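As written, the chain order gives the labels A, B, C, D, E and F, with residue 1 at the start of each chain.
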Amino acid sequence: MYRRKKNALEHDQVYVIETNLDDMSPEITGYLMEKLFQRGALDVFLTPIFMKKGRPATKLSVLAEPDHRETLIEAVLTETTTFGVRYYIVERSKLTRDFVDIHTRWGVVRAKRGYLGDRLVKTAPEYEDCKKLAEQHRLPLRVIYEEAIRQINT
Amino acid sequence: MYRRKKNALEHDQVYVIETNLDDMSPEITGYLMEKLFQRGALDVFLTPIFMKKGRPATKLSVLAEPDHRETLIEAVLTETTTFGVRYYIVERSKLTRDFVDIHTRWGVVRAKRGYLGDRLVKTAPEYEDCKKLAEQHRLPLRVIYEEAIRQINT
Amino acid sequence: MYRRKKNALEHDQVYVIETNLDDMSPEITGYLMEKLFQRGALDVFLTPIFMKKGRPATKLSVLAEPDHRETLIEAVLTETTTFGVRYYIVERSKLTRDFVDIHTRWGVVRAKRGYLGDRLVKTAPEYEDCKKLAEQHRLPLRVIYEEAIRQINT
Amino acid sequence: MYRRKKNALEHDQVYVIETNLDDMSPEITGYLMEKLFQRGALDVFLTPIFMKKGRPATKLSVLAEPDHRETLIEAVLTETTTFGVRYYIVERSKLTRDFVDIHTRWGVVRAKRGYLGDRLVKTAPEYEDCKKLAEQHRLPLRVIYEEAIRQINT
Amino acid sequence: MYRRKKNALEHDQVYVIETNLDDMSPEITGYLMEKLFQRGALDVFLTPIFMKKGRPATKLSVLAEPDHRETLIEAVLTETTTFGVRYYIVERSKLTRDFVDIHTRWGVVRAKRGYLGDRLVKTAPEYEDCKKLAEQHRLPLRVIYEEAIRQINT
Amino acid sequence: MYRRKKNALEHDQVYVIETNLDDMSPEITGYLMEKLFQRGALDVFLTPIFMKKGRPATKLSVLAEPDHRETLIEAVLTETTTFGVRYYIVERSKLTRDFVDIHTRWGVVRAKRGYLGDRLVKTAPEYEDCKKLAEQHRLPLRVIYEEAIRQINT
């Protein structure tokens, strides 16, 4: 396996901002996700939840760097029907990472590599690159991924 | 165990009426459930689904006897935001059933008994009765259920 | 309310094509949805399910007109990791519909109107039009929808 | 738009109390929700989760003001089958709010208004009021909401 | 790519047997899954649903060959708390398939190959084989899968 | 009811380690759960979530004692496709507990008893014991549980 001198995992802190949406059309929730990424969210995800009075609702979760917390809270309060959000800080441990090009028979795909200390533990082909090749060559996306995996390390 | 002469399982046919709700507030969905039972639905349930454009939506499912199918379809089309519903017929196999009183230290609870042919296979205390006793005696509902189970067959 | 001479609900038949995905990356599932709409799917939706061996899987459901059934089955078998799909036919009952322009202070929004017989039962502003205005005017999408609802019938 | 002099968002802290229910009938979970609101919970919601040994379980989440934390933890430990709960504190940011009456053709509906600083950002018709009118006038709930939205600001 | 003379997709018919579980502990549901596979189920899966009275319930779905339908219905009625099941027949379209051995640096993994007509469209390493190698060599399971994918076709 | 001198609830602190899996096969997620229990996780559970680009993903949650936190974070980073995890500390309040044998007509079942202070609030038959008897005597698991409940306190 590839080896590289590296120290321990990387660490930082981010906020998780959450709110329960029980009086908003899913059309607006789908749109919202996009807007929150535009305003700097690290990640946005939705969890199906069940609330009082038989309501099949959605919990919105936004991961935000400390500098973006206030902007993102304001965006949630403005774009959605909610009257309040809750938030808390969490630690993050991350693999150190770099990027590498993978040469496939259909073109180049970038891949993200992750290291635990100095040990390479994973190589992940980038979605957008695989998607582009799949569309160009009218091939199933899974075929591109499999080909990319085959060309790693060779 | 209790025995009773009975023939095979009971059979009938019901309709499953379904629609995907992706532009309606969960507040309205919760309310809808109640309305559909009032108009004769055998059962109503909601499934979290994910739709196009990132929408966290809800599939509404209504079980209806053939005679209630049209009324219930019209109710769904009127009460919700949907422009169409789909439906199909399904077979049902059911245990034959009767009811029995269970005497607990806190009062009587009705229970539904189910038979597979002439074999008693289950006895289920009725929710509404257990709930009433739990509230009267300020006891956890699970305590009432457990007590009812203890008093079955004795 | 608006009235229009119309007969009963409209009816047709469509296929529901389903498969359980338990060995495919969600990245590919998200991509697949788009591909299936391109190949003529009436609707595509995903249901979270739990399968054997602790697998948090996804049920893919595709609604297809009879003429597109074979193409869509082939697309699912090619694009995904599945080795088989199941399908069945369902009836559909639909409101008759037409379109109308709604004039808001920020521009025109098309709306779909639905009729139960000759009775107008709903008017739904089109998502893509509302989204466009929300982005042009940097307003929350829900504000555009609310304004469109206000301008219906006036 | 309405304007009002107001300072920043309102802030407070609440507890999130959680437990995973994997050995309790959903009948009891539905009943529990009601009980927890009666004992002062700010909100209660349920999340479908998947646990070990193939169990389709439910995560219970309760939002509690600091003064109600102990009472609510005790209620969860008494009413459910769980042997332990976990909890953590979260910050909340909330719009300042007031209430206003909306006059519709079918009667009065209260609405909650939310302000970001001095800017009115949303007006939400109250569910219970809309529901009451829907039932009195035998109209779809969504029709009442839409009418209420139309009468805001006029 | 591999080619093989083959006719169209394979077809058969199976039953989908379903019931909604709203009064049974998830512990029993997890156990049930195993039992139903032992009695011949083709597949068993669970869907989180939301039922009346705020119940976070589970829809059980069983795929059964026509010859196993009655046995499996009886098993569901005996093992669970339900008093009835519903079922309907569905068509299946399947890739024709064969098996091949993949030689990896850690041992042999069987793989299932699927053909659309005479075209090989996928090769899927078998889970149980990959799992065995992962445990023997104390390697992440994803590493075994990736290695297996690399050794296909070479 | 049984009484026993006991002080208040027991307290400790644990970590919740979480990551969102959107590019990993559910086959690997199911396998992972088992591995994390082997490495000391107190609990592991999976939540269906919806992520960007239409992805039906899974949130992995691991409860860990402080001493196992680093080992478990490393296990998640090694076994899964993720490049980072987040974690936070939570308080736990637990019933004090002991174990008791329940004698049923089919054999002995251990049960866990929970006390709130000196008050016995619940007695839960152990799953593995009930399962063993169900399999030995070819009885439905729910029948064993019900019998165990009947024999508590007698």
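Everything below uses one rule, namely that contacts are C-beta pairs under 8 Å (C-beta built on N, C-alpha and C of every residue); 3 or more make two chains touch, one makes a residue touch a chain.
No experiment lies behind these values; they were computed from the predicted model shown.
With contact taken as defined at the outset, chain C and chain E are each touched by A, B, D, F. Of all chains, E has its CA centroid at the greatest distance from the CA centroid of chain D. Judged by shared residue numbers over all numbers used at their interface, chain A and chain B contact each other through mostly the same positions, with over half in common.
Chain geometry summary: the mean Cα position of chain B and that of chain D are 25 Å apart. In terms of their C-alpha centroids, the spacing between chain C and chain D amounts to 29 Å. Residue positions of chain F with contacts to 2 or more other chains are 23-25, 27, 31, 33, 46-48, 50-54, 56-57, 78, 81, 88, 122, 127, 142. Touching chain F in their complex are the following residues of chain E: 24-25, 27-28, 31-32, 48, 78-81, 127, 131, 134, 140-142, 145.
Here chain F touches chain B in the complex through residues 48, 50, 52-54, 56, 122, 142, 146, 149-150, 152, going by the rule given at the top.
Residue ranges of chain C in contact with chain B, taken from their complex: 9, 14, 16, 33, 37, 43-48, 61, 63, 88-95, 97, 112, 114, 116, 121-122, 124, 127. Chain contact summary for the complex, chain E toward chain B: residues 18, 20, 23, 47-53, 57, 59, 73-74, 77-78, 81, 83-88. On the side of chain F, the complex with chain C involves touching residues 21-27, 29-31, 33-34, 46, 48, 51, 53-58.
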